[in-house]
Each structure stands twice: as C-alpha cells, then as structure tokens.
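Same chain, two partners: subunit A is paired with subunit B first, then with subunit C.
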Partner chain A sequence: MSDLQTSAVRHAGAAAVPDGWQPQIVALVCNWCTYTGADMAGTTRLEYPATVRMVRFPCTGRMSPLMILRAFEQGADGVLVSGCHPGDCHYVQGNLVARRRFTIFRSLMDFLGIDLRRLHFAWVSAAEGHKWARVVKDVSAAVTAAGPLPRPPAADGWEGPALPAAEGDGPEEISAADAEALRDHLRRTAAELLESGRAGVVIGHRRGSLPGRLVPVMAATAAECRELEWGEGALNNLVTYAATALQRAEKAALVVKACELHALTGLIREGQVARERLLLVGLQCPGVRPEGALAAKCLGCSGAPHPACDLLLTPAGVSEGGSGAAAPAADTDDARDRQIAAIESLPAGERWLYWQRQFARCLRCYACRAVCPLCYCSTCVADKHRPQWVPTTIDARGNGVWNVVRAMHLAGRCTGCDECARVCPADIRLDLINRKLALEVERHFGAAGLEPGEKAALVDFRMEDPEEFIL
Partner chain B sequence: MDRTAWVLNETELRAWLQDLIAGERTVVAPVAEDGVVVYRPLAAAGQAVLEPRGKARWSPKEFLFPRTEALYSYSFKGDAVAITDPPRPERPQVLFGVRSCDAAGLARLDEIFLSGRTDPLYAARREATTVVTAGCAAADPECFCTAVGGSPVGEEAADLQLVPLDGGWLLRVLSGKGEALVGEAAAGWSAPPAESGERVAALEREVAAQIGRNPVPQEWAKVLEGGFASPSWDRLAAHCLGCSICAYVCPSCSCFDMNHEANAWCGEQCRSWDACTFVPFTLHASGHNPRATRGGRYRQRVLHKFAFTAEGEAHFRCVGCGRCVALCPAGLDISQIVTAAAAAIQEEGADAAR
Partner chain C sequence: MAKVGVFVCHCGENIARNVKVQEVVDFAHEVPGAAVTEHYPYMCSAPGQQLVIDAIREHGLDRVVIAACSPQLHEPTFRAAAAQAGLNPHLVEIANIREHCSWVHRDPIAASAKACQTVAAAVERVKRAKPLDPIEVPVTKRALVIGGGVAGIRAALDIANSGQPVVLVERQPSLGGNMSRLSETFPTLDCSQCILTPLMVQVSRHPLIELMTYSEVEAVSGYVGNFTVRITRKPRYVKIEDCTACGDCAAACPSPVANEFDMGLSTRKAIYIPFPQAVPSTYTLDADRCLNANLQSPTGFRVLGCIRCAEVCKPRAIDFDMQPEVVERRVGAIIVATGYDLQIGQQARECGYGVYPDVMDGLEFERMLSASGPTEGEVRRPSDGKTPADVVFIQCVGSRNPKHGVPYCSRICCMYTAKHALLLRHKVPESRAFVFYMDIRAGGKGYEEFVHRAMEEERVMYIRGRVSQVYEEDGKLKVLGVDTLSGKQVEINADLVVLASAMEPTDHGMIAGTLRIAADEHGFLKEAHPKLRPVETLTAGIFLAGAAQAPKDIPDTVAQASAAAAKGMELLSHDALERDPTTASVNQTACAGCFECLQVCPYGAIERQEVRDRQGNLQRYVAWSNPAMCEGCGLCAVTCRGGFIDVAGYSDEQVFAQLGALGPLPEVLGR
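On to the complex of A and B.
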C-alpha cells in the first residue's frame, strides 16, 4: 500500500524533517519506453532508491501539467516525468508536443516559486535500464535536498514585495470635441450597417450604471445604435461576445480596439469564428482606465485603429480598412515586464509566498474564464468530474491547480488583453502570469505564431526544440 | 433594550481592539492584502482598515459559511472504514467593523441556515460570533441599501455598532452579546454627546440622499415571481457571462455544492460554495439541465434575491451592498434589472389584459 497521504493530513504534520525521512516521488512514465526501461532495470537487478511510485501512461503526450499538480497536491515531494527519446515516440510526435508543454510548465513553476529540485523530466528508452536507475538516484538526491513539500505558508501580515509602478505613455488624448465626433461616427456607422444588412447586430459599448463605466451591448435596433458610446470606460474586450452575437445574426459587426484584434485572430485560427461573418469596426482608442489609471497594456500603445479592420473610425471620419497588414508588434518593452523582472529577482521562497497568498484569495468565481475571449471550451476542465481533475474545494487544494491549469491552457494563446486580471475580484495578478508565459513561449519557440494560418506554439513542435533541462 | 453608548477616538478604539485580539477570541476585520481590502483574522489592531466609508471586496460570510468545509472525513484500513466528524467550531470570534449591509446579510444567512433543520456547523459558529458593525458616513456609487429597506446605520444583526462621528466613533450596545464584549473596557471611555441620537439620524438622512436609486417596492416580489415565464429575462441577462462573482461577493448568497475530495485511502465530504449562474449548478446526472439558458439562470438569481421568500418574511434577500454591481465583468446592475423586469412584466400583463 502506498503511504501517500492527502495533503490535508500532510499539512497538519510536523514541520521538522523526521529522522530517516525519505521523499515520495511520483513518476509519470510512458508505457512504451520508460516503463519498459524500468522493468529492465528490475530484471537486471539494478539497485536504486525505493522513493518512486510509478504511474503508467500511454505517452508523455497524454500527460498534462494537471497530473503533476495533482501529485503535488496529494502530497508528493517531487515529480518525475519520463518517456521515449525524441524520434522514438510510439505515436510519432507525442513526446515532442509534451516537450514544449513541459518547457513552459517548468518556467511557470519556477516563476511561482516552486523549488525546481522537485520537478524533473527525462528520456529513458526501453533499453536504458541503467539510465533509469541513475535518473531515479539523481532525482531522489535532488528531492531529498529540497526536503518535504512545505505546507502552504501563512503569509498573514506579510507586506509583500514592492513592485515598480507600470509607467509609460499611453495613446494621445482625444479632445472632447473629437470624442463627440468619434461617437457620432460610431452611432451613424452602426445604424447604417444594420440598415444596409451588412450586419444583423453590432457589438459595442453603452453607458453603464456606474459613473464612467461603459458596458457591452449587442445592438440590433436603430434605437440601440443611438446609445452606443466610446471612451476610457470601454473596458470589455468585446471579442468575447462574438460567438454569442453570431448565434443571433448571420453577420455581426464588432467594435474592436487594436489590442483586442489578436484575440479574434486566435479564435479564427482555432476555427471558432469565421472571419467573413464578422465586420470589424476599429476606433481610435484613448486607452482604458479600469480604476482611474491607464491600464498597463495601454502604455506604449498608439491607440490607432488596427488597419486590418474593415472600417476605421477616427475623429476625422470613417474610412474603409481591410489591409491585411500584420498587427503592430505590441510586445516590445511592455510596462508589465518590469514587474515580472522584480518578481523574478525575489528568492524562490518569497515568490512562492507572493503567489500562494494570491491564489488563496481566489474565490473560484471563474470570471477570468468567463471574460476571456480564448476560454471557449464548452465544458471547462474545471467543471469536468469524471474524473475530477480540479478539486472543487475553494482552498489550497483546488485553487493552485485551477490557477496554474488555466494559465497553461492559455500559454501561447493568450493575447494579453488583461481582461482576466481586470475582472478578478481577488486582484490576482493573472496579467503577470500570462505575460510571463507569453515571454517564455517567445524565448523558447520564437514568435508566438499569432497569425491566422499558424499553429499555436504549444500544439506545434520542431525536432530541434531546446531541451537542456531534460535528463 | 437599555442602550449604552460611548464616544471613542481612534486611539481608544485601537487599544480596545488590541485587547480583544489578546483575549481568547479570533478578531476578524477588514485588512489590506496586496492592495485589496478583505476580512482577515487580525494579528494586531493596526492591521484593521477602519474607515468611515468603503467596503471590503467581499462580505465576511466566509467566517460563518466557509468557502469550503469538511462535513465528515473518512479513511479505509483494510476492510475497516473510519468516519470522523469535523471538530465543532466553538472558538469565539468577533466580526469587527463590518458594514450594516454585511451584517444584514448575516441575518439573511441565519434565515437559511438556522430555520427549519438547523445547520449544526453554521449554528455553532453563529453562536460563538459577536458582530460589531461600522456605519457609513458616505455611500459609494454602487450602494443601494436604502432602496431595499436597509440603512447605512442599520442595526440588524449587530451586537455593537460603531458610527463615525466627528473624526471618532460613537459606540452603541445593541445586544447582550455586545454588552459582554465591552465588559470592563468601557471604564475609561467618555459618554456620548447628548444629541448623538439626533446626529446619527442626520447622518442616515445625509447618506441616504447620496443613494440615487429608487426604493424597490415590496409588492414587486409577487410581480417578479408572476413573471417567471416572461421573455424579458433572456433580454435582460443577454450580456451575463456566467461567472459567479455576484454570488461569491454577495453577503446573502448561500448556495453550495457537495463533493468528495479523496484518494484511494482517505478523503473528505466537502461542502463548497456554488452559484446559480453556473451551468453545472442544476445539471442532472442524465445530462438534462432544467435551467438551460443564461436568462433562466440569471432569473433565478434575481428571484431568489427579490421574490422567493419563506413564509412570514417581508424583506428582500438583497441587502443593497452593490458589490455585484461594481464587480460584474459585464456591468449588469441587479437593481436596474429588477426595475426593468418588473416594468416589462407589468407591461406584458397589461398587453395580455387588453
């Protein structure tokens, strides 16, 4: 019988490392190579530490970061993932896709302050019994040095790190007269689109009930078009409503800011919406101010409407767009990067405290998922319960798993609209996590493939992808 | 009840708070954590955010109705199964500096968990809890307590009440529990000014005047319920994104889900918050979902706040804190929606009668 305990039991245990303590390591291994290799080590009577509990999978490609997280959540001190060498996958490319996923996952765990001595990856073939024995020995030594998995820390009263303010210039201010002209163009254009039948519904913003706040509206009548608004309070990324609007009308017009266009590209690339059913209305943007101050994503943005939009609205007037021009490189010198760097400069233990306290606040309201234009799964993995991968408990068991899994599902797909961070009632810095992952994807696999014809980085692979961390 | 009152300056208030923390009670108060104000057990009086206005990001209900709690735990050894009850939550706690709307929310939770078959865990916590409210000297844009029968200096569910006055606080005893909490501490405190009752009433009028929303008439409960089948729900909820911010920040939402968190050797039966705006909330094992539409789910939320009541209750379950209004990602405003729904339903009724 295994002596794995539930995290609840373990966390109630003694803090000091008991004499003769041995780590418990969960090894996720593929059936074709590593499992057979381990078997070979056994039949060859090689000696290695009895610290590892194996879980057999068809392929490393089937292993999800979720499984690693659940192992930690259930009290494992370390996790080892092992499968066939590149080129030897029984399913041809499972391990190559997995390699990319684990590269990013490892970076994320490091960013969150997990001691990387607890997390290992290896290629062990069916013939490498000796390598398996050596890997288990090395991994056991590393996990032993890291010690028992610490219980969730109490960070009560901890002041937390001082992050540098996100600074920079936003788009040029739009004068009151220009703003009015822009709004008039918007209302008139919307009404014309409906009337001419170019669109059956216009997704835009209207005044909300709180001062300065605009809220989404799917306008389908001339009267609703007369209520359309535009300005600093237009916080919502309306791309989120595209699919809903297209259930109501054959064609929908969508008011978009330049920063939101990537999300739409993502949906088109992933086959979720058809470009020809959408009419994009790009407006000169004054930047958005979720809590008075200019949003970090707006620092460094010109606010100009994206040339790929079908109609371009500026105070000067309405013009036809639709140039296929690529999106401006929005990814340079992002204001959030300085905050990410500040977090990275903290010792791992403090990073862990920083993030664990935020995850502890998570209410599991799933608002981050609800607003995200790219969270469109009909049944989210967090809602699946046969088997139930994400604990429903709103505590350390479920929250960490949820927050990390969502970040991983968006890695290489997130377009940095920061909607999730804006709406999070617990003020969890989801924007920094997403941005960090975007940077990692770019660093390891080059530009993040955000064009319609490309594949998202984490469902793609190259034989020569980097793998320095793999044993 | 014989009302006792004092005026305390900031120093006296914090000194008393520090004494309470040093005692055998857990003292929960608003605290700024990573820049967001949430209710937390205090380690020191200085941590508490005690302002004449403003709310914590969400209500303090989790200290009576935790986000997640184990109803029992179990383990297997061979063929033997051991089942353990959770410890009875008996440690006395003080909820300090909660706004009147939040305290009213606790009264709504009491109606759910203490009427009919009493929930033992909730009851034990409630019994051990003393509530010290802090009245408001100003309303925020989303506040509408007065529109639903509340008041910025409401007394419901309060054992003691603080009211901001002249840069200090008026402290009033409202129950035996409150009196016991003050105990000997009052020895050095000053008596309140003679006209303090009048001052509180004036404050109440002043803040009420800042709240720009019309009172929701009690008769609308019947109207809304009668309009269950109205097509207006789909229209009014069209932009709802189906998260549960509204329910989880709400002082009076009380729904939960039951789930096993277990491995092959041991586990817990957990009760965790859940919400009517989630699709799986009403999903049957067969795959059928009786609340299949956004409109149907949002209607449940509105009706449970403004229409469905137990017999004999004559108040709304919404206490007007406005949190769901301020935090809704799509900007839905429950008070506006109630007004719009009642109007639409009445209109439909009139059309049908014609």
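On to the complex of A and C.
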C-alpha cells in the first residue's frame, strides 16, 4: 500500500446497517419508453422490490445531472436513470445527447468517490416490462450492498493525503536581455496597433503593487502602452476581459499565452466574442509562477506563442501568425496527470473523503467563477432560488453541489488555464477536476469541439457513442 | 397556499388489495396544502368523476392529485373532469399507484409506504404547476409540393382537388420525373407515358395548382402552418405564354448536346423540349450549352454570337435577356417528393459500366425499350447498333452490400429486371435473357406471378449467384459468375449487359438541409415514426412522399403521395392549430446568447432574436423558443447552464419539489 492509501481515513459509510433495511431509490424515467415499460410490468403483474420511486420526465434529455444530485442530496440511497434505447427516442436525439451528459457525470461522480453501485443508467423500452423488473431487482441489490447513503463525514483536518509532486521541465528560460527585448517588442507593437487603428484598446499586463506580480490593463493610449509588461508574473488569463474590451472599442488586441487561447475559441464558439474584432498577440512565455514555483500547467509547455495568433512576438522579433492550427489534444503529457492517477488509485470511499476534505474548505466566495473566462452567465445558476439548484449553505451539501455544478458546466469546455485553482483561497484542486473531465470527454467523444463553428462535445452526439455502463 | 384535493382510487380490489387506501388518505392529509382527501372504489367511473368535480366546486380546490392507475390511461379523463369543474386541466397530477405499485409489490406495508410517498410527491409537484392554455397557431391555406414526379403530381392533385391551393415546384423543365422515362410498368405492362401524361396535363390545367417548372426551392423559413418559401425560377429564355412548341428553333439550333432525358443515349439541341409530351409544352434554352454562353464584349455587355433560334421563331418567344427570378410563397404545409437517382458506384464499374459501351443501367435500357426513346423501342447495342442475341441482367449492383455500395435493398430491381427480360423476349423473340440474382423479392400484388411469367412463359434464365467479372473478348462481353445453387462456374458470352443499380435519393438528400429535416446516412428523408407516422417528418407540417423517403415502386409511391396529401389536407382544414402547451420558454432577459440550445434542439424550434435598445441599436442576440415548433423534450433546458430555459409542465421547480418529497421514508412509514 502506498503512503497515500495508508494515510487515508476509514470510510464513514461502513456504519452498521439496521436489520431489514431497504434502500430508497429514485428512478428518473422518460414518459415514452421506460414509464410505459414500467406500466407494462404492472399489467403483466411482475413483482419487483418496492424500493424505487418514479419521477416522470418527457425525455432523458430533460434530466439534468443536478436533478440526480438533488435526489442524493435529499437522502436517496441510489438513483436509477432510464429512457428509450438509442434510435427509439420520441424526440429523436434526446437520449443521445443525454447519454453524453450521463457518461461525463458518472465519471465525475466516480472521481469524486461516489460509490457507483448507487448510480445506474438503463435503456428500457415500452415493451420491456420484464427488463424493467429485472433492472429494478439488480439495482436494488447493488444499492443494498452499498448500504445506506453515508452522512457526510466530519472533515478531520483540512489536509488530505499528499499527492505526488507535479514535475516537468517547463518552458525554455528567457534571458534578461531577451526579456527586455520581448517587452520592448510588446510596447512598440501595442503602440503601433493603437496608432494604426488596428485596435482601439490593447489588453495586456502592467506592473502591480506586489513585487513581481503583474495586473491586467486595458491600454488605450501610447502612454499606457509604454507601461506594458510581460514575464513570470503575468498570471491572469486576459481572455476573461475580451468581451468587456469589445464594449469599449470596435477592435481589441489581446495578449495571450498559448494555454489561454482555447478559452477564447470557446467564447467565439459560444457567440460571446467575434473573432474578427480581436487581434491576438502571442508572446514567447517564460511560464508563470503564482507562488514562486512554476505553475503545474507550465511544466509540459514549450512557451512558444501559439501559431494561431495574429502577431507572434519572440525576442528575435515580431512576425505575422494566423495559421489556423487546431487545438492540441488534452490527452498529452501533463504534470497534473500523475496527481489525478494518484487520486484514482484510492478506493472509492477514500476518494470521497479526499474531496469532502477539499470541498469542506470551500468558502463559496465564487472567485473560481469570477475568474473563469467561460463563466459569463448574467445570473449564475448558483444564485437562483426558484428552485434552489445549489444549496447556499457552506457545508458538505452546498459545497459539494456547487463544485459538481461548476465541474459539469465546464466539462467539454474548460481548456485548462487553471485560473480557478490559482485564485481559490482555500487551495481546492479544481484544476484536477477540470483536467479529469477534459480527459474523460476526449477519451469518450474524441478531441473535437475546440474549433469555432464546431459543436462542443456535450451538445453533440454520435449514434455509436460508448455506453458500456448503461444497463 | 394552494388548495389541493387528493383523490385515492381503490380500483375495485386492484389497488386496495395491496395498498392500504385509508393509510394513503391519512398520510396525504398531513401533506401541507392538501385541503381535501377522498377515496372511492372507481374514481374513473361517472360517480367517481362527479366526486372530483363536486369537491373542486365545493371547496374551491385549485389543484388536484388523482392517485390511481397510469396517466397513460386516465390522465385525459381527469383533466376533462377538472376542466368541467372550471379548473385548468394542467393543474391535475396523476400518482400512479396501480401499475407502478399495487400490481408489482405484494407486501402491503412496502406497497402502502411507496403509495404514500408517491402521492406526497405528486402533491408537491402539482403545487408548483401553472395553468397552461393550448397554443394556437394560424394556418396558411396553401401547400407546397417539391418535386414534379409521379409522387408530387399525385399529392398536388389530391390536395388541389380537395379545394386547397398548391404550389408545385419542379427543377426540370417538365413535369414527369423518372416515371416519364419508363417504357412500360410492372406487373401490368401499362405504358408509363399513357398513365402519367394525363395526370401531368391535369396538373397544368388545374385552377388551384400554381406550377413552377425549371424552378428550385432555395430556402424555407417558418414553421407548421406558416412556412415562407423562397423559390428561384431559372430563366428559360423562352416565354412560355408565347411558345407554340413548333420546334422550328431546335431545328435551326446548331448546337447538339447529350440528351439527359434519354440518359445520354441520344442528342438534343441547346434549345429543346425534354420529350414531346412535356408539361408545360414549351421549349427551354439550355444557357450553359448555347453558343452564346459566356460571350461578353470587352465592355461587359453581353453579345450574341448566334441568334438562329430567335430568327426562326415566328411568335418571337425567345428572350435572351431573361433573368432568374426569385419568388416567395407562404404555405401551411410542405410535401417533399424529390425522388431518386440511380447510383453508379464501384460495383457498377467493376461490372464494366463506363468501360464498355454495351454495359448499361436499368434506366438506360428503359429508354431503349421506350417507343419514344432513342431507338424508338428497338433493342440495339449502343456500340454497333446491332440487335443483341444474349443479354445478361445483373441485380443488386451496389445494393445490399455495405462493403461495395449501400446496405439496403432498392426494392424495385427484381421487378424491373423481370420486366426488362420479358420485354426483351417480346421485342427480340430469338434472344436469350439471363438474370443473376441474390434472391427474388417480389412482394406485391401480382408481382410473384409476373416473375414466374418471365421465368416460365418467356424462359428467362435465372441464375442465383453473383457476377465476379465482366470483360470484352472477341466483340462479346464475357460475364463470369457462380451459380450458387449448383456450385458451378458460369460463363456467358453476352451482347449486352444491363445493371440493376442501387437507388439513391436525388442529390443525396440535399433537400433535407434546406428544409431542416432529418435524413438517414444515405440521404433518404426520415419519417417521424416508421410505423405510426410514416409520411410525417419530425418537423410538424412537412410530409414525405415517394422514393425520397426510401426506395419504392410506383404503386407504393402513389399510395404514399395520397397519404402525405391527406396529412397535408388535415392540416390545411384547420383555421388554426392547437398544440400541447408543455413547451420550453427562454428567459430572454437572462439569456447569455451561447446558443447551445439551438444546437441541441431536434426541431429547429430555437431561433436567434435581436435585442435592440431604444435607439434601435443592436445590443445582442438571445434565444427564443417557438411554441409552434417546440415539442417539449427539454433538451435545451438542461443544456442551458444558467437555467434560463424551463419547460412548462415539467418545470425545474416542479421536478425539484417532487424529488424533495422522495427522500428517506418518514418514521410513520418505516413500520
């Protein structure tokens, strides 16, 4: 056993199960196939355990993963989701889109340590009364074996097991002279862009009040351009400010690191910014050092400016870019992957405890939301109260739901800029969750979805998408 | 606070045997908001319904829960009862305690506990229900038929004969489609032209049919009952109203080109009429083939190099300056009848098609058999014009073989091959006909008998097996194959080889994109349900007829066309449509405009709408769900990250409330 496993705490779910205990299972079923199939089980008088409570939906496509979460949160020991077989959907593709959502949601639940014996998916047609009875029996047996839903444990200490260190070489170092040359290129280029009218404003970095830290600035004058800076302290993902800049000026130039560019692709695809109004300035990046050490995302990065940028700035000079290079696949070596693997190697109960400890620290300050370039809703679902999608309480329930919502909303969209993890005052490893889901999306549905004009993975589907987990 | 009435049905013994009804009533009484709790042996009976109606009136109930059988059975019954008592029918919720409870759980304690929770959850859900009114959609009383083959002709005539106006759009210069190319039709050997041309004339004379030939549907917007169609009328350069179809122009025209109506087996002129019986009976100038094509003076003015046709045209019908014209029509229903092409794929080329002139496909042979065809009905080899003695017909070329073509069966080839072989034997009595087949599919009235007639009376030799190779040797086509019944190699020295190649939808089903309807992987347009809604599409108001939907023969095509017409007439018979109000709606104030809802919607019901400020400046785009098109599946609602889309009748609030009541068993039920 690794240090990690021996240091883990006993799973709270192992409490004694009362005699004759029967699980409570909530079944989310579609109206056209499974609900009618269950009717058929009734008219055929098939007997099955009285453990399921049915909730009728028009389609599996109407079932939000948050509704599954809601059932657990209300105390259900297990959840069963069932709808039409692929190709039978009353709404043609509802179950196919839903299947992708469920695939990712299930991966997330597994990563967060929910016992997968509690969460089941099935296709039961209107003719499959027998299958419905069998599915309920099987699911009941699985949930019974998992036992009553454990109450959230008291997080004994904030620190979880230590994860292996993130390792990697990081980008090539930039000498002081080169750094100065690069900065001069940036200042001169920015001034030229403003002067020539190619951009009304340049979003970049300037010196902040803390030593070594740069802060975002929207430079609109030549004087402001002379203050632009670049280097290891340029932490912020400036893509977050692209939409705001475009409210000020018809055209904006944006200083981007290679790791940030794909957030912009997401915003373009989702209609939040128009590519033709942006001028992308890519700079040779020395890597960023939020806490002195090189950020985990930088460890596997070369630091070269992304060729898709309109202007490429290296110490050697300024060149035109603009090649339509595709997004790199998520499934490349990444320093964070060893840490993800370490968490995955833990038994489910201990994984759960790891994340419960992490989430217990959450202050619900929503800094992760504020900094995320892809969180742009006018009102966040976490702030809605009819219904109360996310409990507002800062406890295991509320924090757990919030972090799951955030992760699901970024699945298939998050591009790994790691800003959320950087700004989290409680040091919750949000980057690991995001990266895990990005890998899951890519593993199941391919690397598609990062080109503007393409559909994001979770609004798309293929008939032959994998579904080995569906009963 | 809502006043909910809970009515628990015994269903005789059906529910009461395993569910303790009194306990359910007592439990429901404790649920906040439950004002009245009643039970009755048969709630669906007249006195049972009266009980519900009286309670609504007497206690002023504003919500009702019926705990009884499946909503699939009696939801309409109780909704009607509520409406009778003045309550909106969507404020009725059914708790299924029979099919989902008493019939499947024998233990009365467990079954009763489940029934109690189910009813409580239904009460919580119905408390958040909102009254909904049916959505009214006005109907434009005109139909569009796309495609002027036999399917489109039949559908247009049926609708027009019912008294509704029709716009019929055909891409070619004449009505008729593929059927007008056929010589005779199986199994009766009716002359195809003889049965089709009278219908074509009827169409052109019908006062309610606006016929647009040489025209194409460019774009369709709108929704059921309210489509707007943009149609491009290609210039004919001949004024239809002046042309007398005398043919002087074609005689004068110096530019011969391959005649596509004869599948390239003959030539026509650049100014032409596709076939003598064409409707409308008028000439068309093929601008791409005319000698004047692309002629331009250095100053940019068009110059005419050849005006021989115009010179000989006595009625002065030729107008070189005609321009394409775009017209718009508003229609309520659309029938798609765009038909098929024959596919020439890899397997056809392996059989020598395109390599040897004496290998032809079914439609080419059809033209050769036709009395109005390039040989005036005589069977002659294209290579040397000689009458063939031995003719080999090969079925399933490119069909039923996903590796070398399409996986599906083209359905008509068995029959037309039998017809071809039989007609060959009629026309060339000393000839021999050989048919290579996989199996004979002759399911149709009189079809099996027809194939037998070819086999027995006309002694057509049927060889069960595939052809491996066709090559030329000593002026003959050597056809190598296997007779799988005897297991022997077969070698035939043929004079002519006719391939029954696969049918595929016209332009690979491109029309699906224009209409935003679904097509399968081969481009055949997809029906809403293969059995119960075979002529409807998932887009309300758009119907399918003919081979555009799947390969089919003339009788099935005509039957489907009449079916599609009936569906269209049903739609057009209403002044307004009533649709189920359980549809999605967008909170436009909050919408962030990512339009992922638009991407997932199977019905194209989500539209982009502009938001403008008071000065009229465009602020942003937001989503709008068209209630006339939305089917209420809820895909968009879950896709919307902010939760700005909700589905009436299945609202987030209702679902959350229902889930909230399904937690652990309350103490009282844990006994």
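One rule holds for everything that comes next: the second predicted complex is superposed on the first by the 445 of 471 C-alpha atoms of A that agree within 3 Å, B and C clash if a C-alpha of one lies under 4 Å from a C-alpha of the other, contacts with A are read in each partner's own complex, and residues count from 1 in each chain.
Definition applied: a contact is a pair of C-beta atoms (placed from the backbone, for glycine too) under 8 Å apart; a residue touches a chain by one contact, two chains touch by 3 or more.
Being a predicted model, the structure only gives us computed values, none of them experimental.
**Student:** Is A:455 contacted by the first partner subunit B, the second partner subunit C, both or neither?
**Tutor:** A:455 contacts subunit C only, not subunit B.
**Student:** Is A:74 touching anything from subunit B or subunit C once the two structures are fitted on A? First, second, both or neither.
**Tutor:** After superposition on chain A, A:74 lies in contact with both partners, subunit B and subunit C.
**Student:** In the overlaid three-chain picture, which partner chain does A:216 touch, first (subunit B) or second (subunit C), both, or neither?
**Tutor:** first
**Student:** For A:370, select first, second, both or neither according to whether it touches subunit B, subunit C, the two together, or no partner.
**Tutor:** The answer is first: A:370 touches subunit B but not subunit C.
**Student:** Would you sort A:358 into first (subunit B), second (subunit C), both or neither based on which partner it touches?
**Tutor:** A:358: touches subunit B, not subunit C.
**Student:** Using the superposition on chain A described above, determine whether A:285 touches subunit B (first), subunit C (second), both, or neither.
**Tutor:** A:285 sits against neither subunit B nor subunit C.
**Student:** In the superposed arrangement, does A:225 touch subunit B (first), subunit C (second), both or neither?
**Tutor:** So A:225 meets neither subunit B nor subunit C here.
**Student:** Which subunit A residues are contacted by subunit C in one complex and by subunit B in the other?
**Tutor:** 74, 388
**Student:** Quick check: in the complex, which residue numbers of subunit B touch subunit A?
**Tutor:** So the residues of subunit B in touch with subunit A come to 33-36, 38, 40-41, 43-44, 47, 57-58, 67-68, 73, 141-142, 238-239, 241-245, 247-249, 257, 259, 261-268, 270, 272-273, 275, 278-280, 325-327, 329-333, 335-336.
**Student:** Show me the residue ranges of subunit A that touch subunit B in the complex, using the header's touch definition.
**Tutor:** Contacts found on subunit A: 1-2, 4-6, 8-9, 74, 156-157, 160, 208-211, 213-218, 236, 240-241, 244, 357-358, 361, 363-367, 369-371, 383, 385, 388, 391-395, 397-398, 419, 422-423, 425-427.
**Student:** Over in the complex, which subunit A residues touch subunit C? Could you list them?
**Tutor:** Of all residues in subunit A, those touching subunit C are 22, 24, 26, 35-36, 38-43, 45-50, 53-59, 61-64, 67, 70-71, 74-76, 90-94, 97-98, 101, 133, 270-272, 376-381, 384, 386-389, 409, 455-456, 458-460.
**Student:** Would you pull the subunit C residues touching subunit A in the complex into a rising list?
**Tutor:** Checking each residue of subunit C against subunit A gives 70-72, 96, 98-101, 103-107, 110-111, 113-114, 117-118, 121, 518, 538, 582, 589-590, 592-596, 599-600, 602, 621, 631-635, 637-639, 641-644, 647, 650, 652-653, 655-660, 662-665.
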